[in-house]
């Protein structure tokens, strides 16, 4: 074998990060992590024109406190496993979202987070495709560990304005600010991801893994130390009537766009 | 109303940040902050060719210890209020300083600090205009919170050499290193600032404010925790005869340039 | 005098950072540091086509625990002295390594570290020349203070991938990512280093030194606080049979290339 797995997101219509999706994602990732033959994983989408539409808003709207807690722990778990993965992780972003978005009940933020959490990000070269942490547009706030991950990739200034504006960056802009490492024509995305992976796998695993841990430990430790607090913050924020109303309006708007 | 205020610096000839100026600035800002109808503020200058010439050197030269303390607390207060403002803050830098400088008793550093402390910086596109934290040229040292603010905007490497050299960056260079976010022809500065403000105000205030707090809290907390220590540092440094001599020489030089 | 010293590395064939070299380097640097007439130092190489081939692998291979400890303390000492130097430090990198490398028993990483530790880096404009922290290629891991120094210069994202890949960046790429501040034709390297030094020396020493300390203190303090721990980490890592084997293989490869 090549030692490389490909995880294709396949949760039509728009690869929303639902509780089921996240649970399955973590199980798949753990299996690969424990498979000594697997040294790298390429994350991409099996759904045309969409990488992931992000966190599933229906999981955050009109549900019980227990449900919110379970959902948020699953988001944390996904990030913790992926950001600390011993494998080389390459995101092949075949369009995070195509605007105007036909997404139903979704925000692109989670898809961007997955890409940010990988070692390397390649995006299809299409100015209509966009990527970003757009929580602010929904009236919600990215948690501190989304922010830490984002700052590690694009630096403080860009992260500050992008998070405040909830910016969705076009592919060329995403490349310019370092949010993605390179752009390739859509039809070459898969080949390029494979080539990049080979380049990373040419290095001895052990030193690379220790280096990755050294670079990411501070940010990982911060969530681990404040995990339950972060869950409680999420619950109390998302349970507010004003936030629930804002999410319902966003979903209405998406439905209209679709219809 | 549009919900947008414009604060025009008007302290001829060069908008020095004197104790009076800073006190008035803080009062104006607080009024706007407490006015629920006001959601954003554009900072610019009413004096042609100069945004602000920076901290007023006459406040730092030949005065009493008590005066130095009062002045420095006013500088801290201005920064603390502006960096933590709930409003959207846009700096429209209509030339920080025009070199060779006709400024009397002034350094551009404070003007640059005000711009750095905003959410977004637009500068008039004129290669003769310049901006920077030039303390080192006067033989003085930027305090740690000027440095923290600067690093958040331009990153560690650029901040390190720029602060050591007391660099005044020309408008194109300031844009290249990220010290200003964009350049526009001077006559379009006002319209562009208004357009940028509208873009920021299109977002729900609450999420944007929480995001800004998340991004800036660490740096704000650091000054709050060490505020009195920072005042004492300033006093003991500025009271040194060597520093006083250096400031007097700098003022002489500026007078000669002017004359 | 001009107040500027030039330290020319002269340890043929490839300026390996051996224990002897490091010891001599520290003695020379301390002499200059204590010489009040000396305000700046230019670091360059007297060996054509090579700045420094980096840490001397023969010091890390088949030696006693005591030797490893002594060697590593010398590497720490070199970095501590240079990173905290009161002098202006300019690296004139006349090619860190010319690939395919004719180096024997060497890695370019240490040479890159010396450059990163200076205030300013000028490199000969030759796409065949390269620079980087390539530890990962040898199966070893850069210590946290190499990493901290690197992040301060190129930012987190670039440092993360460059360290994991053990990248050797070509001169143009090194310039693009900010690893070197400017490129000049090889024959102009010396003159340009002198001109840059004059620019830095035009500033008053005291304010510049305090500013440098402010920028670098956090990273310096971190090694000082964990120095002995870092020595023990190095010893236990380098003593592993798998690492020793990997280093022997690397030296064999270099000998073959040379032969």
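First chain written, first letter: the chains are A, B and C, and each begins at residue 1.
As a working rule, contacts are C-beta pairs under 8 Å (C-beta built on N, C-alpha and C of every residue); 3 or more make two chains touch, one makes a residue touch a chain.
Here's who's who by UniProt: A, B, C = Enoyl-CoA delta isomerase 1, mitochondrial.
Note that the structure is predicted; figures quoted are calculated from it, not measured.
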Given which chains touch which, is the overall layout a line, a ring, a star, complete, or other?
complete
How many degrees of rotation carry the C-alpha atoms of subunit A onto those of subunit C, rounded to the nearest 5?
120
CA centroid of subunit A to CA centroid of subunit B, Å:
37
If a residue has to touch 2 or more other chains to count, which residues of subunit C qualify?
155
Subunit A to subunit B touching residues, read off their complex
135-142, 144, 147, 155-157, 159-161, 163-166, 242, 246
Touch list for subunit B against partner subunit A, complex:
119-120, 151-155, 178, 181, 199-200, 203-204, 206-208, 210-212, 214-216
